[in-house]
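The following pair of complexes shares a single chain, chain A, combined with chain B in the former and chain C in the latter.
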Partner chain A sequence: LCPFVLQLQVSVALREGQIRPTELCHRCLSQIEETKFLNAYITVTEEAAFKQAEESEERFKRGKPLGPLDGVPVAVKDNFSTAGIETTCASKMLQGYIPPFTATVVQKLLDQGAVLMGKTNLDEFAMGSGSIDSIFGPVRNPWGYSKQYRGESSRREDPGWLIAGGSSGGSAAAVASLTCFASLGSDTGGSTRNPAALCGIVGLKPTYGLLSRHGLIPLVNSMDVPGILTRSVDDAATVLGVLAGHDPKDSTTVQDHIESFELPDEIAVQNLCVGIPKEYHAPGLSSETLAAWTRAADLFENAGAKVVQVSLPHTQYSIVCYHVLCCTEVASNMARFDGLEFGHRSKMESSTEAMYAATRHEGFNDVVRGRILSGNYFLLKQNYERYFLKAQKVRHLIANDFLKAFSSGVDFLLAPTTLSDAAPYLEFTKEDNRTRSAQEDIFTQSANMAGLPAVTIPLTLSTRGLPISLQFIGRGFQEQKLLSVAKWLEKVVKFPLIELEATAGNLQDAPKHKTFTSAL
Partner chain B sequence: KLVGVVGLEIHAQINSTSKLFSGSQVQFLAPPNSLVSFFDASLPGTLPVLNRRCVEAAVMTALALNCTINKKSLFDRKHYFYADLPVGSFVFSLFFFVVYSLFFGLFPLLFKNLLSPRQRCSTPFALHTEYGLTVHCRVQCRTHILVCVAGVGLVEIVMEPDMCCGEEAAAAVRELQLILKALGTSRANMAEGQLRVDANVSVHQPGEPYGVRTEVKNINSTRFLARAIDYEIQRQTEVLEEGGEVINETRAFDYKLGCTVPMRDKEGKQDYRFMPEPNLPPLILYDSKTLPANVSPEQVVSVDHIQEELPELPAVKRARLVDQYGILPEHSFTLMNEDGLMEFFQDVVKGTRAEPRKVIGWVINGLLGLLKLHNLPVSQSPISPSSLSELLNLLERGIISSSAAKQVLQELWKGEGKTALQVVEEKKLGLIHDREELEQICQSIIDGSQNEVAEIRKGNHKVLNRLIGLVQRATKGRADPVLVKEILKEKLVCNPRWKKKSINQSINQ
Partner chain C sequence: MPCWGPRVVGLRLGVKLASRTETLRPGFLPRGDGRTAGSWRRWRHRGAPLQAGRLGDEKSHGGGSKVPQTPTWQAVAESNLPQKPDVTLQLIDHLERLALVDFRNQEGVTQLAKAIKFADRLHTVNTEGVEPMDSVLEDRCLYLRRDEATEENNAEVLLSVARRTVEEYFVSPPGNIPLPKRDEQDNLLIDPE
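And then the complex of A and B:
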C-alpha cells in the first residue's frame, strides 16, 4: 500500500524523490487489484497509466514536473469522454463506444501530468443514488470492509455489503479505498456529494459554470457540474485550481479569469456567520446525523462564529421540481441515442423506426426509459405549463431562497449531506430507484437547482462504524471561502482514515475487471 | 370573384465558413459526411457553441430588411425523431428577431411590368440549423444519412399573406435574393437549395376571411414559384366553384407536369415539445450606447457596427442608376436582376459617346435578348462591353444605320473575334453618304412606284416613309436615312424652300 494518503503529501514525496511516479502507479494498480471486489472501476487503463507514469518520471528526472498533480494517480467517472478509452456510462447503449475526443476537465488533468488509472463505475447515465444500477454490477462501499465497521458489526448479524452511494459511487469508492488520490465525478442532484459522504471522503460540487462540461455525457445540462472527490479539502482545492476556468467549447462557463488558490493553514472563523437551514430537519434524518450536525454547529459557535437559523421556505418543493426538470432534459438529451452514429444498434432492421425503438429498448435500463417517458410527457404542449414551466418558476424561488439567506448576512449554510450513513444493499433495494433518488437527493439537489457550490466532508463515524458527513453550501464562485471553512472543520474533527481489511471472503464474488489497452 | 392570397416561408442558408453551432466547414457538394464535427454527429458530451459569423449575418440581413432587432434572444430546442437530425432535437432561437418590417414598403417591386408599391410585409425572423438529408436506397434496402449540411445556419423569413399571385411572390423573392447577395449573407441560389421557398396559398372573396390554405413545397426557382402559386390559385378556385372544399395540406410542385400534387403526410400533427436550450446563454446584442466598455469588440456583436457596414442595397442602387443614367425604373430592375448585367451596362456606357438611355436599349433588347435566346449568363457573353461600345460609337458617328448595327450585333455574337468596324467593312454595312449614288437609287425607286408617287403628289406625305423603306431595302439598310428623306422630298414635294436650298447647293457645287 502506498505510504501516502493525501495528494498534497504525495506531491511533496514525488518532488523530493521519496517515491517515483512508476512506483506510485504500480502501488495504486495493486491496490485496485486488491480491492476489485468493490467494483469501483469499469475500465482499468493499466498500460496507459504506466506510460503516463513513465513520462512523468522523465519530467521529475529532468527536474521539471508540470505541477502539483504530476505523477499523481487519478480516476475518472465513466461518463466523461476519454479519447481512445471506452466510455460506457454503465449502459448497454454505450458499451464499446470509444470517443474520439477527451472531456476538457480530463484533458486538464492529463495536461498537468496526472496519471489516469481508469474509468469508474456509476448508475447508468448517472441516474441513481446508489451506484447499483450499472450494467457492470453495483459498487460496494469500502467502509463495509473496514476494521472500524467490521469490528462493530461482529457483535450483530451481518446485513450484507453496503452501498457506496451514487451516482459517482465508483469514483468515491476508488478514492476511499486508496486506489488513487483524486477522482472526477459528476454532480447533478448530489451525485458527487452523496457517495463522498457515504464513503467518508471530501466531495466538491463547484459553482455551475466554473468547470467545463464539454465531454461530460449529460444528465441535466442546466445542473450538471463535474465534481471533485479527494481525501482532504486541500486536495480538492488543488484539483479545482487545475480544472476551473473558461472553456470555448462550453458556452456556459465563466468568462472571467479564474485564479487557482491555496487554502491557509490558520483559518479564523470567529467573524463568520453560519446558517442552519431549518427545513433540512427532514423526516427520516437519522439521530446520529442530526447529532453530528448539532455538534458541528456547536464547534463553530464555540470558536466564535455566529450560528443562526435560516429558512429556505421552498426547499420542500425542490425535489419534485428537480424530478420534473431532470426528466425533461433527460428526454431531450437521450434523443440522440438512436443507434445510428454510435453506440448500441439493434439487430431489428425491418424499418428505421423499428430499429430506433428496439435500439432504445435494448440499450437503456428501466430507470432511463422511465425518465425519458415522463420527460416527454412533461414537455407535451398540454402539460408544458403545468409541469415544466411551473418547475422552472419554483427553481427560481429556490435560488432566491438561497440569495435571501446570503444577503441576510449568512456566509455559508451548514447541512447534512445524506439522511444517514450507508445502507446495506439488501435494505436499499427494498425501494425502487425513483423513491431512493427522491430520498437520497433531498439535501443535495437544491444546490444544483440554484447552481451554488457545495462541499461535503466526513465528520465522524456512526455507532456501527460508518462515515457521517455534512455539507457546506456557499455563494456562487466563493469556493475559496467555502473550502476554507470546510478545511477548518476538517482539522477540528480529525476524521479517521479507513483501515481496510480485504478478506478472502470479500474476493469470492468479486466481479472481473476489464483491462483496456488504449491509444492514450 | 375569388382572389388568391399568398404568403411565403423562406429559409436562406447563411453563407458562412462554419456551421451555426460547430466549427465544421460548409461547402456545396462536399463529399458525403466529410464535413461533420463531433457535435454535428451528436456525439454525447459535445455542446453547441454559437457561430458569431452566423449571428452577424442574421443581424445584417434583418437590418437590410428594416427589421427591429430584439436585443436579447433565447434559444429553444425543438424535438423531432428524424434520422437525418442526429441530435434528435435541434437548437434554434425562437425569439431571435420578432419584427414588423416595412422592408418592401421602402421601394416598389417590379411586378407584371407595373411598379407596384408594397405597403407592408412583416417578417418574423429566426435563426435555425439545417437538417441532414436522408437518402433511401431501394437496391440495398438501406437508408444512408448525410449529415454534412446538418447544422448549417439558416435564416427563416416569413412574408405575410398579402400577395395576390405567383408573379408578385416571385418578384418579392427575387428582391430578397438580390438583397441577400448584395449583403453576402447568403448565396441565395434556389437551385442549390441555399434559398428554399414554401408558399402558403389560399383563395377568398375580397373582404371575407381567408380561405383554407395549402402549403406548396419543392420549388427550386422563382419561375416555378410563380407557376406553382398560379396553378394552386387556379386549382383552389375550381375546387370551390365546383362546390368542393380545399383541404389544409402540403403539396409538392411537379415542375415537369406544371402542377401541384399532395405530399404524403408526415404521420399527422407533431408535438415538437419545445424547451429552452440549457447549453447556450441568452444571446445579447449591443448597440453603441449599450456596448460594455471593458469588452473587446471581438467578443460581442454590435448592431450599430453592422449597420455601418451595410453595403448599398439593391433599391438604393436602382434609384442611383435611374438618377445617374436617366434610364427607366423598369430598366434598373432588369439590370439588377441579371448577374453582371449592370456592370456590363456601365462598362459600355464608359466606352461610348452614345447616351446611356440609348445604350440601355441595346443592352437589354439586343444583348440580353440574345443571351436569353441562347440561355447564357452575362459572364459568358461572346460580345464584350468594349465591342458593344465600339458598335454604338459607329452608330453614333453615323457610320452605320441602326438596322445595320443590329446586323453587326448578330455578326459579333458569332464570336469570331472581329471588331465591329471589321464587320462593317467586310459586310459593306457602312452608310452610303454619296449623294449622287443615293439620288440614283431614289430615282429608280420613284420610277418604279408610280402609285405612291401619285399619292404623295396629292399631298399624302405619309406615303413618303414607304418609299424610304423601299430605298433602305434596296441598299440593305445602308442608306443615310436623313439624306434619303431629303432627296425624296426634293424630288417629289413642291416646296420652294427646299428647291431654293437645292439650287443654292447646285450653284455652290
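And then the complex of A and C:
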C-alpha cells in the first residue's frame, strides 16, 4: 500500500524524491488488483499508466515537473470520452466504443502529468444513485470491508455487501479504497456528492459553467457538471485549479478569468454566517445524520460563527421538478444513440426504422428506457406546458429561494448530503431505480437546479461504522470560500482513514477485470 | 443524425395489455400523510443518536440548535392532485413511436404511470407570473465563437467509429419503410435475452 494518503502529501514526496512516479503507479495498480472485488473500475489502463508514469519520472529527473498533479495517479468515470480508451457509460449501447477525442477536463489532467489508472464504473448512462445498474455489475462500498464496519457488525447478522452510492460509485470507491488520489465523476443531481458521502470522501460539485463538459457524455445539459472526488478538501481545490476555466469547445463555460487557489489553514470563523436550511430535515432523515448535522452547526456556533435558520420553501418540490427536467432532457439526449454513427448497432437490416428500434431495444437498460419514455410523455404537445414548462417555472422558484437566502447575509448553507449512511445492496434493491433516485438525490439535486457549487465532506462514523457526511452549498463561483469553510470543519472533525481488511472472502466472487492497454 | 420528427416509427410492445380500454391505476403516492408513508419511507430508522465525543468535546446545544429536530415538509394532500393518469394503449403506441424505444413489458407501463403521478405533485405549486428557467446562466451572455472551422477535416476519424461505412458515408438499411403494424411486429425485435 502506498504510504501517502493525500495528493498534497504525495506531491511533496514525489518532489523530494521519497517515491518515484513509476513506483507510485505500481503500488496503486497493486491496490486496484487487491480491491478488484469492489468492481470500481471498468477498464484498468495499466500499460498507458506505466508509460505516463515513466514520462513523469523523466520530468522529475530533469527537475522540471509540470505541476502539482505530475505523477499523481487519478481515475476517470467511464462517461468521459478518452481517445484510444474504451468509453462505455456502463451500457451495452457503447460497449466497445473507443472515442476519437478526449474530454477537456481529462486532457487537462493529462497535460498536468497526472497518471490515468483507468475508467470507473457507474450506473448506466449515469442514471441512478447506487451504481448498481451497470452492465459490468454493481460497485461495492469499500467501507463494507473496513475494520471500522466489520468490527461493529460482527455482533449482528451480516446484511451482505453495501452499495457505494451513485452514479459515480466507481470513482468514489476508487478514491476511498486508496487506488488513486483523485477521480473525476459527474454531478447532474448529486452523482458525485452521493457516492462521495457514502464512501467517506470529499466530493465537489463545482458551479455550472466553471468546468468544461466537452467530452462528458451528456445526461441533462442544463445541470451536468464534472465532479471532483478526493480524500481531502485541499486536494479537491488543487484538482479544481487544474480543471477550471473557459473552454472554446463548451459554450456554457464562462469566460471570466479563473485563478487556481490554495486554501488558508486558518479562517476567521467568527465572521461567518452559516445558514441552516430548515426544509432539509426531510421525512426519512436518519437520526444519526440529524445528530451529525446538529453537531456540525453547534461546532460553527461554538467557534463564534453566526448560525441562522433559513427557509428554502420550495425544497420539497425540487426532487419532483428534477424528475421531470431530467427525463425530458434525457429523452432528447438519448436520441443520438441510433446505431448509425457510433456505438451498438443491431443486426436488424430490414429498414432504417427497424434498425434504430432494435438497436435501442438491445442497447438500453430498463432505467434508461423508462426515463426516455417518461421524458417523451412530459414533452408531448398536450403535456409540454403542463409538465415541462411548469417544471422550468418551479426551477426558477427553487433558484430564487437560494438567491434570497444568500442575499439575507448567509455565506453558505450547511445541510445533509444523504438521508443516512450506506445501505446494504439487498435492502437498496427493494425499491426501483426511480424511487431510490427520488430518495437519494433529495438533498443534492437542488444545487444542480440552481447551478450552485456544493461540497460534501465526511463528518463521523455511524454506530455501524459507516461514513456520515454533510454538504456545504455556496454562492455561484465562490468555490474558494466554500472549500475554505469545508476545510475548517474537516480539520475539526478529523474523520478517520479507512482501514481496509483484505480477506480471501472478498476475492471469491470478484468480477473479472478487463485490461485495456492501448496507449493514449 | 436522423430526423426525429414525423419520420419516427413505432415499436412492438413487449407484452399484450389486457384490453384496449384498460387503463392503469398506480398506487404510488404516500397516503395523505407524506411524512411517514409510501415513497419516503426509508429502509432503516433504527440508528442510535451520534455518540457524544465522536466529533470532539464541544458542548452541544441540544434543544437550542438551529437544526430543526423534526421533519419540516408539508404533507401534499391527495385531494389537491390531479386525477390519476390514464395510460392508454393508444398513448403507449404513440410514445413508443416518438421515443423509438419500447416499453418491453407491463412493468414498463406501470413505471410510466408512477412517473406521471410523481410529477403531478408539481401542480400544487403556485407559479403564477413566474418565467420558465432554461439555464442557470440566464443572467450572462452565452459565449459565441466565430463560425470558422477550428479543426482539420476529421471525417475519416469520425467514420472510423461507425459499424458500417462505404467511402465517406454511413450506411443505413433501406429507408422509407414504415415499421409493420403492431400485430405484424411479433418477430421484429431481436431480444437480447
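Following the convention adopted for this analysis, the second predicted complex is superposed on the first by the 520 of 520 C-alpha atoms of A that agree within 3 Å, B and C clash if a C-alpha of one lies under 4 Å from a C-alpha of the other, contacts with A are read in each partner's own complex, and residues count from 1 in each chain.
Following the convention adopted for this analysis, contacts are C-beta pairs under 8 Å (C-beta built on N, C-alpha and C of every residue); 3 or more make two chains touch, one makes a residue touch a chain.
Note that this is a predicted model, so its numbers are computed, not measured.
**Q** Is A:Pro99 contacted by the first partner chain B, the second partner chain C, both or neither?
**A** Once the two structures are laid over each other on A, A:Pro99 reaches both partners.
**Q** Answer with first, second, both or neither: which of chain B and chain C does A:Ser346 touch in the superposed model?
**A** In the superposition, A:Ser346 contacts chain C only.
**Q** Based on the superposed arrangement, let me know which partner A:His281 touches: chain B (first), chain C (second), both, or neither?
**A** second
**Q** Which chain, chain B or chain C, ends up touching more residues of chain A in the combined arrangement?
**A** So, of the two partners, C touches more residues of chain A.
**Q** Please work out whether A:Thr252 is in contact with chain B alone, chain C alone, both, or neither, and reply first, second, both or neither.
**A** Both partners, chain B and chain C.
**Q** Could you look at A:Arg336 and tell me whether it touches chain B, chain C, both or neither (first, second, both, neither)?
**A** After superposition on chain A, A:Arg336 lies in contact with both partners, chain B and chain C.
**Q** Let me test your reading of the model: by the given contact rule, A:Glu34 touches which partner, first (chain B), second (chain C), both or neither?
**A** Neither: A:Glu34 stays clear of chain B and chain C.
**Q** Which partner does A:Ile372 contact after superposing on A: first (chain B), second (chain C), both, neither?
**A** After superposing on A, A:Ile372 lies in contact with chain C but is clear of chain B.
**Q** Once the shared chain is lined up, is A:Pro218 touching chain B (first), chain C (second), both, or neither of them?
**A** In the superposition, A:Pro218 contacts chain B only.
**Q** According to the stated criteria, A:Glu23 is in contact with first (chain B), second (chain C), both, or neither; which is it?
**A** Neither chain B nor chain C is touched by A:Glu23.
**Q** Which chain A residues are contacted by chain C in one complex and by chain B in the other?
**A** Dual-contact residues (chain A): 99-100, 222, 248, 251-252, 331, 335-336, 338, 340-342, 352, 356, 376, 380.
**Q** Give every residue of chain C touching chain A within the complex, in rising order.
**A** By the definition above, chain C touches chain A via 1-2, 4, 7-9, 11, 34-36, 39-45, 47-51, 54-56, 58-61, 65-74, 91, 94-96, 98-104, 107-108, 111-112, 114-116, 118-119, 121-125, 127, 130-137, 140, 142-145, 150, 154, 157-158, 160-164, 170, 172-175, 177-179, 188-192.
**Q** Using the touch definition up top, name the residues of chain B that touch chain A in the complex.
**A** 38, 41-50, 77, 79, 81, 83, 86-89, 143, 145, 271, 273-275, 278-281
**Q** Contact residues on chain A for chain B in the complex?
**A** 80-81, 89, 94, 99-101, 103, 213-218, 220-222, 248-252, 328-329, 331-332, 335-338, 340-342, 352, 356, 376, 379-381, 384, 388
**Q** State the interface residues of chain A toward chain C in the complex, per the touch definition above.
**A** 92, 97-100, 208-209, 222, 246, 248, 251-255, 276, 278-279, 281-288, 290-299, 301-302, 307-309, 314, 316-317, 320-321, 323-324, 327, 331, 335-336, 338-342, 345-358, 360-362, 364, 366, 369-370, 372-378, 380, 386-387, 389-397, 399, 419-421, 423, 427-428, 430-432, 434-435, 438-439, 449-451, 459-464, 468, 476, 492-493
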